[in-house]
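One chain, subunit A, links the two complexes that follow: it is found with subunit B in the first and with subunit C in the second.
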Partner chain A sequence: MSVIDHLSGPEDLAPDEREAVETLLYRLADDEFVLAERYTEWQVRSPTLESDLALSNIAQDELGHARLWYDLLEDFGHEEADLLWERDPETFTHSTLVELPFESGDWADPIVRSYLYDEAEHLRLQALEDSSYPRLEDRVGKVQGEERYHREHATNWLERLASTEEGHERVQTTLDRLFPHALTLFQPVDPEIEARIDEYGIRTQSLDALGQQWLETVVPFLESLGLAVPIAEDGAVTADDLPETIGRDANHTEDWFDLYEEFTYTYHDLGRDSAERIMSDPDDQ
Partner chain B sequence: MDIETVKERAAPRAFSPKDDMPEEYRKAATRMIQFHANSEIMGAYLERPFIRQAPSLDRKLAFSAKVQDEIGHGQLLYRAAESLGIKTREEMLEELATGDGKFLNCFHYPMEEWVETPMIGFFVDGAAMRRQATLKRSSWEPYAHAMDKVCFEEGFHVKHGEDILRELATGSRAERERLQEAFETWWPRIIQFFGPTDDKSTHHDFASEVGLKQLSNDELRNAFLNAYIPKAEKYGLEIPEEPRIRKRDDGTYRVVEDDLDWDEFFTVAKNDYEGSHVQIGKRHDTQEAVEWVRTVLDEHEQTSMGTAPAAAD
Partner chain C sequence: MIWEVFRQEKPGGYHTHCGNVHAPDAEMAKLFAEVQHGRRKPTNSLWVVPQPEIAEVDAEDTTFGGTTDKSYRWAMTYTGVDASFAEEVAESQREQETADREREEVTAGGNS
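Right after this comes the complex of A and B.
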């Protein structure tokens, strides 16, 4: 149980509280932003017009969520330029699951990735519904509503893909490759700060507890589709199960740095020093 | 219904799948709507890289939404084309990937820099808006109906395109210079968007007689010039010397058509320009890469026919 009922607004937080809130927000925002950035690669390249529209929707939802979380970081005086466009790519704390590139035509990847991610996202948001940090608590509802559709979408596609021989084989191959990276979703940015996040009640479930619940959801479902989940029989996750780079600790694959170069290209090419807002502030919506 | 009756009864939204339309009408309408649908898809190929390269989070969201809208328009239009009973959507998408499907001239050229994005997003989309607004009165009701939604969404696209133009036009000196350069490259293509002058246009007469089209190429181009030359000047863009634009006594504009490269235009129209091969190649390759998914979907549908609940796409 947390010892703190309610934290104050952004301007009145003690430095150690602020650090905990910011760390949590960066985890959330970076995951959503980078995942969306990857999803958009499927725009105009999905297998059917309908699946193109659906994945575009999901990408835009995630971008919208990233915008909500980065906006809460702006409460602390950061600007979008510092949070994204001029930020050192070695300080991003997203999981490596979201940064991996897609192979051309490998539609099983966005489906498996989305399934693994969205189940984790659902649990993570549940653990924020009663957050002690009011600004966070206020925004969780909107995000949670959209995530439900993402899970339905992924589940539905997984069932269809896994029902045929070729689809099953492709899903299995993807699962073997992505599963270790999905485990990094529950890794700490810094164990001491993560403990503070729990202690202050910013998140009402620890990363370990969330990881356990996630396994209890995804393993039985994937097995029900006849897939083999690459994990020990007793469900215990050890350091050996994790990939070489985990992302959360700000270590990333080369693909992340390439992606960062690409998405900041125009900003630097035009010599910009700020990012233009064209939509209203989330607090005014 | 015979052709003479069609011509007599031709009026906005006069015909629908309930009517027994002659093949000549159905073929002409299919050609026109398929071209339009193809153009939505191929335009999206040009714009998709700028989802990634947009210089702010809001612009990224807007670009992603725009590209998605284009695919949505393609979906609507293929449906309107299918309703004529000449070709299925699959056939039309297949033709697009193999290079048999035709699409707008502007989408045969590469777009490589952010400063070029308003050339499509403001000028080409603005031109398209003008044409589409008249097609709300097309005689094929499903086409006219699709135009209601398409025009509504295009309105937002043009606003977004204009906003990017404004941002660049009020930006640094380098931004303004690069914007002017992009404008000079794109301007002749934008004017050619409306196709050749009426006496060179092969399909116009029939389409107009049966009410598929409301205005001629020339009328649309002139209306576009009258509206967009002042807009371009408002943002500090200089209209290139060629093609020569003549101002009439009443203040309206017309273009000296011989200054435009019609050989290039007709090469583009045959999908035979250098850029045509590149753009069609992209469509072909990306569709081929996901062919396996469509096969899996077919197989899934056959084995679970009648038992599977409707799936979320």
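Right after this comes the complex of A and C.
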């Protein structure tokens, strides 16, 4: 499907190639970063000490993954401050699934959200394992290594939550609310650029193909727990199934702007103009 | 329910008790133990054991080692052993082997 065997290093990319690589990296990095920000809100608030540590650990993993992807954007001359702390919040291209706030005490939400997200994450990483962009391909294995835990964690919890009447009801309510937002994980940032990402072999599966594989994974599993998945019987996804705000196309809910305010607050409060580096570059590790 | 956690650092090593986790069942206990006890230190394997399944006998129940003097059990003779002792053992071994051979030669000569 790809006409290009291997793209060159960051400094030798043609402008249209670079735009495709950057768009893909922003999608990946923004999803991971924003989701980690949200997960962190559960710290010291999860139902038990153990569940608290497990979710915090997953949040740390996702932050680590975001760092790996943002670091590849730094290859193109971007600095951390421009990528996060001073970036226009209207340019973030994460899915709305990761930006929605949690209801206080609604433990079903992070579990359902994590399940929907991590299954998608697993598939999209598989589609990068043979990426034509060597810098990306090199890092996928590292990230996949931590994803197994995330999926097992979400799956185990879901099975247990759905096994009691009250739990089942809560999971169903959450699923109805989150599922349309999960579909936006497979929406294009810009259809033309996404087509180029596929054409250049940067990603070896199209968003549509990934979305279909994802549905084939999550729908049977959720149904096996006695849950109803809010989707047409033939599995076809239409614009009507999507939420009003997609996220991917850089349109976001108000909640995102509040979250952005919150996580950039200290940076501005301290009058910073660059990000403090506390870890060595991923390339030197 | 409480699960006691035992960590093994390297293959073949002992699983050593390292703490516990609260979990409803073994699957969740393993999942939680992985994060709490398997991430910060080198880990090859973890055991999770339901706490009520652990049987204990302690110093209140028994007198470990008994109450009479059994110091004869302590093999103190060997505490000062060093390399020179190994040489002594090897020397003695050689002497016995030589003696053995000589005995065989004498016996063989007697039969012919």
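By definition in this document, the second predicted complex is superposed on the first by the 285 of 285 C-alpha atoms of A that agree within 3 Å, B and C clash if a C-alpha of one lies under 4 Å from a C-alpha of the other, contacts with A are read in each partner's own complex, and residues count from 1 in each chain.
One rule holds for everything that comes next: contacts are C-beta pairs under 8 Å (C-beta built on N, C-alpha and C of every residue); 3 or more make two chains touch, one makes a residue touch a chain.
The model shown is predicted, which means the values in this text are computed figures rather than measured ones.
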Partner chain(s) touched by A:T48 [first = subunit B, second = subunit C, both, neither]: both
Which partner, subunit B or subunit C, touches more subunit A residues: B
Between subunit B (first) and subunit C (second), which, if any, makes contact with A:R160: first, second, both or neither? both
Could you look at A:R272 and tell me whether it touches subunit B, subunit C, both or neither (first, second, both, neither)? first
Partner chain(s) touched by A:E152 [first = subunit B, second = subunit C, both, neither]: both
Touching A:I246, do we find subunit B (first), subunit C (second), both, or neither? neither
Classify the contacts of A:N57 with the two partner chains as first (subunit B alone), second (subunit C alone), both, or neither. both
Residues of subunit A contacting subunit B in one complex and subunit C in the other: 48-51, 53-54, 57, 149, 152-153, 156, 160
Subunit A contact footprint on subunit C (complex, rising order): 21-24, 27-28, 31-32, 34-36, 39
Please output the residues of subunit B touching subunit A within their complex, sorted ascending. 41, 44-45, 48, 50-62, 64-65, 67-68, 71-72, 74-75, 78, 113-115, 160, 163, 167, 171-172, 174-175, 285-286, 288-297, 299-300, 303-304, 311-313
Would you pull the subunit A residues touching subunit C in the complex into a rising list? 48-51, 53-54, 57, 149, 152-153, 156, 160
Residue positions on subunit A within touch of subunit B in the complex are 33, 37, 40-41, 43-54, 56-57, 59-60, 63-64, 66-67, 70, 80, 84-85, 104-105, 107, 149, 152-153, 156-157, 160-161, 163-164, 166-167, 170, 262-263, 265-267, 269-272, 275-279
